[in-house]
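Chain naming follows the written order as A, B, C, D and E, and within any one chain the residues start at number 1.
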């Protein structure tokens, strides 16, 4: 690091220079805003380092397994700060999401010690945890010897934090007292509506506030606009089809995936309420969904919205965020709304996806790895990512309270913060944690595909699904 | 003979005409085959005989010239439309079909009923000694048998012209001798017209009414077997026809009133009374000075008194003996029909009769005298 | 010249070292392959276990239970049916098309040679990437093929997204990628057939159709069978194209063996079932290739006229 | 020293016995012709001697020493293959030089050796050609040159003239014996051409069905063929074979042909009344003016270059071929008489096909039993 | 001689044109796509009128994917390099192992040779996942996980049987007499193998190598299951263009073009061998 740059940043930190002129000057030195941000953060981190021996594992090296994601980019952009702070080295493998989780499974199941930590979703830990591939992070969080005083675990959003903790009992409550903290939340997503304002206005459609309005609105706007479809939701034959919009709406009606009768799990998707909801959802896709819905993953859902091929999406809010920027055709045209599918519901209750970090049990040096974990999920990096990079939907209260972050959102993404605030209280994982999660959700998605394709009537399909699910649960000894 | 069944007029065949290395396979070939005639195209490999056959069949286009069958030009006519049958030299059988089916397949276009086909197949199979393999597959029979099946397939057809490409090359000698007679009889009896391509002069002699000797794409001589033997048109035919080949010596003539001396190399000279040569030949010899003299091995006599020669090989073949000797700087071969006892190293005398000499231009190779007369 | 110097002293070598040579030459290749047999053995072992990685406490030998379960498992029968349908359809289509194209290109000419080289291009495209290409071309927004379909009056043709056309779509990709393989094989076969039988047939005025059925086709049959087998065995194990295009969906429409096994392993972490599925697939391919080898020899003899 | 001995050599491929117990002895410096129809096992036998094929049992001795443990490259043999077996990617020069390079000769020695043998075989002008550019005759001589160049003491020549055109074949046939005797090599020469066999062999071994059915001088083979088959294999036109039953009476032993007695060797008396086959060489028959000859009818005459062959039939319509030198006089047609030289007649046992030796010992009968 | 009727000629030409259209069109279209921005690609109806841009290629080669929100680094060139290393390495190894074995099988009908040869070929037909899934475990304990060596070994599953099968056919086509002649001339077996068998089977070895290279290059699942990101070949790497900030269709197209270009060029350059290899390898027994 060059002294000149350090000086500039020190001046800025001490208030002697405006942010704009700092960036301008650094730019003159050949640095981009992002790396300038890194420098800034580095200096800030250093300022905090005094209370804790960050250099304890200096010279060690850890390796990460990462998914290709803006959060990853944000972290990598700031990684020099960590290296500087700790004297450790970090290497990483980044995989596209199409194959990422298969790579994780392959690495973990083979007992590989190659990766010390990796990105994961909370759902995945329901496999990884019981399989014995990851650690209970409480052991480190609660050890002041190992965790820096500024880490502030309590700063984590409670719903999110709890959603990452499970006691390993099939059907057991998430975040219970005996729960193991299988992963550390990093960034998350709520599932809400993102819509194309212009299209809705043109069709004279109000922002829908419940399921039937959504269906109507989608049909109407599709009919009124050429070459678009009404509503984008995921449809590929994968667990990922179930967890976003679909489950958020489903659970808003109080429906469950499974019921837990004293540790015995049973499928619950063939209740009357569930059947009614499914019927609506299927009809919505049939009427106003994408033509190739059954191959749509989240990036098609997003791309279509960004390209002006769809009017709305019911998916991760951050997807709406990304589509509203950059060189997307519809950048700046998109707006957000919290969405409660159930007209009776008081508020949205979105299911959430939590990008988390977890340590591999096979790692050769968990303590050193924890240094990375606490830094990456710590308040400083969260703030850096939120302010400078696209680390939207951060998991820390303190970040949401940060004015700079809120200002950034409000300027570029009007309505986003409101939407967030509206749905955050009800946001949590709505699935029942259990080892057959992926079997269940994949089968569920396949059944949705069949129902949408009119291969099977909704009631019949759900009965079949429930029966099949129950059989599998029984075979796995869960019923 | 313009009324021939087949007429080839000024045929040229050039392969890879447009490439940098065109190959002329046939040059200015004129040939007429009369109806009912058996003609052999005789020559060593690459002489153009197979190309000629394939042009007649229609597998190859002529580069220039005209092929007429029954007086009708066939240029551009599909092979099937030429009414020509052919026996192929190599693996021309239909591998998936049995021998009987192979033979009968040729009759597809003739629309015969089954019994008739069967009778015909049986007859031809009997003729060619393949009755016992009619149900076998082509790949499971010997090369000689395959060749006979191919022959049967050609002969069974009613066609204006039968083309036989080396039809007996793969046969055992005994069978070959037997079948030659049968095939000739078969062709003659039915009045078929056939063109036989072969490199085996014995076969050509035995089968053909006339033989066209080809070399280097050129027709060297087209004549009866007797004429080819007794009156070869040129040095090539002279040395090509006849087993063992004709002995050839460069000669200078010295013509006196009563004596004609032919000087060979290494001081050997042969003297003949002037009367042995016709007067016109004598005149000719006065002009020619340098020429080539050929004499067939059968006409080389070994005597006590002849010109000196030294034997270097004496090979007895049962019914004849081949004696090779150094003579006038060359090898001379003499054929004896007894078991001659001349051992290698022995000195002998060579005597030649004027009536057995063939004289050729040394430049063009064209014959100008056979047995003392003038062509 | 002395007699001794004349005759070289003949060096003797042991019979053993001579007979060992072929084994020594093939040993390294064998060792590498034996390395592959070890994981194969492991797979057999797994297939006999109740083994789901997310429930390590449940793991244990259940012997043939994974296999027995298949009998009552509609998913398994679906997988079997889909795999066989897919393999059957692709092989038949590609054979017919490949044979047709090979016949078109049989004559050696500059145009034909050029075209046959052009046709190598799909074959050089990795199936996974070909699937990606077709995914782009069948995209409902901007896909050129979807556009063509619209022009042709199919407003809503959904390609791989619809259960009605998904199979058709992946078969289209398979046909696009692999027909050239069959074409090249059959073309080489056609061109290596001896010309004389066909000349003889032409001369004898045998009708072309008769020639084709009774001579060309039987003579080509070893090539056809080889092509069919290579394709059949590859296509019953199809993974790349289907995984890249639909991951087995929509519904279970394209849930072929390897995709099902892959998902079982990586998503459900149901190792036992995954291994058992693959073992069944392996058994099918092994039986098929054995039948093939036996018939191939017979057919070859017949084609060569040796039987 | 370079004598070739083969002891009870057996070789089978899968179920088929190709060689079933071959014994041969070729004295040093002599030429043995191995003669037989195709598929008789000649080529296999040569390969066994060369070491290219390992026999199932039996032994090959070169110069008195067994070579069964000696690799082909150490046997010191020169071999010319029927199909030439030239190295297609090497020039004729390199082909011929290969035995010399193996013997680690210097460049100079190699050049001299190759050029000498090439001159001898008249291929010195094509030494830089690859085999593809050579005519068949040149290929054949290249292969021969390769076999000869290292002056091996054992030469195996597998039908080396088969693919050569008639004229060259004749010339080579004349030249070869001299070449071989100059090398002083012990030679096994395989051929299917009986003329070549007779012209070149000090002895001829006739191989058929994996056995050596006769091993003798050309004269023995031709005049005293061990079996009907051998008799048919040698001679052109083929020997006349007539079914007869010899009669023995006071005037001696005879067989009847066209109602005339053919006098047979008195030693054949033992076969009187038995079914036999009488073999008469076409060239041993001649027309005669004497009316005590065998009366026959002339059916057809085929003129060949050096001889004329006449087909005649006996009174019982049995076909007989006569051969006489071209140009010798003969009756044109009709009924004529022919004479038979009894010393040229051979008698075979019809059942076994074996020749009946008139000189008592009657090996044929013994072997048949 | 050509004896086709004009009608037949026309029908054949039409059929041929359709064939070329069907098989060439996707490649043509992908090349076009690769020269467009997302904007022109996403136009509806599709149009061929656009200003070609090499931006997509530039982005891939530079390894920076500048899209809407952020720019992210991609390792496509690294993937390309991995493909080269894996394909070349595995073909080289397969040749070293396979050619001598093929020679042994062709020349020496030793006991069990047919069975061994068939078993080796049958690896070509075994479901790859059957072996791959357990291998993930072994690779870990052998230290082969995420190494080129390990991957190259697994690639032998495709390369080795192919090379064995094709090259064996070629060796069988060489007359054993030619080798016998060389040995009788006084050369040992190794010299014979090196100076005679190898050069004569050269075209076959080239064909087999080429074919194996293409199959190795096109492989998708081996590295997907067994290797980490820095060892992934292009077939997997091309998937990386799907990002949260939108699908960069032009870049996907460019990546596809760049990943099939090497095999295409190789195939066009050596198509004679390739066609020979395809036909011989499959038909020889």
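The working rule: contacts are C-beta pairs under 8 Å (C-beta built on N, C-alpha and C of every residue); 3 or more make two chains touch, one makes a residue touch a chain.
Predicted model only: the values in this text are computed from it and were never measured.
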| item | value |
| --- | --- |
| Touching both chain B and chain E (chains) | C, D |
| Shortest path length from chain A to chain B (each step joins two touching chains) | 2 |
| Centroid-based (C-alpha) most distant chain relative to chain D | A |
| Whole-Å separation of chain centres (CA-atom averages), chain A against chain C | 41 |
| Centroid distance [mean C-alpha coordinates] between chain E and chain D, Å | 57 |
| For chain A, residues that touch 2 or more chains besides their own | 102, 106, 109, 307, 309 |
| Multi-partner residues of chain B (at least 2 other chains) | 58-59, 78-79 |
| Sites on chain E at which at least two other chains make contact | 42, 44, 137, 189, 236, 239 |
| Residue numbers on chain A that touch chain E, as the complex places them | 65, 68-70, 73, 93-99, 102-103, 106-107, 109-112, 114, 227, 299-300, 302-303, 306-307, 309, 318-319, 322-323, 325-329, 331, 389-390 |
| Touching residues on chain B, where the partner in the complex is chain C | 57-59, 78-82, 84-86, 88, 90-97, 105-109, 137-140, 150, 153, 157 |
| Contacting residues of chain D [partner chain B, same complex] | 37, 136, 165-167, 170-171, 173-175, 177-178, 194-195, 198-200, 218-219, 222, 232, 234-238, 281-283, 300, 302-307, 323-327 |
| Contact set on chain A toward chain C in their complex | 101-102, 105-106, 109, 126-127, 130-132, 235-239, 290-295, 304, 307, 309, 435-436, 438-439, 442, 445-447, 449-450, 453, 455, 476-477 |
| Chain E residues within the chain A interface of the complex | 38-39, 42, 44, 67-70, 72, 75, 136-137, 139-141, 145-146, 224-226, 228-230, 232, 236, 239-247 |
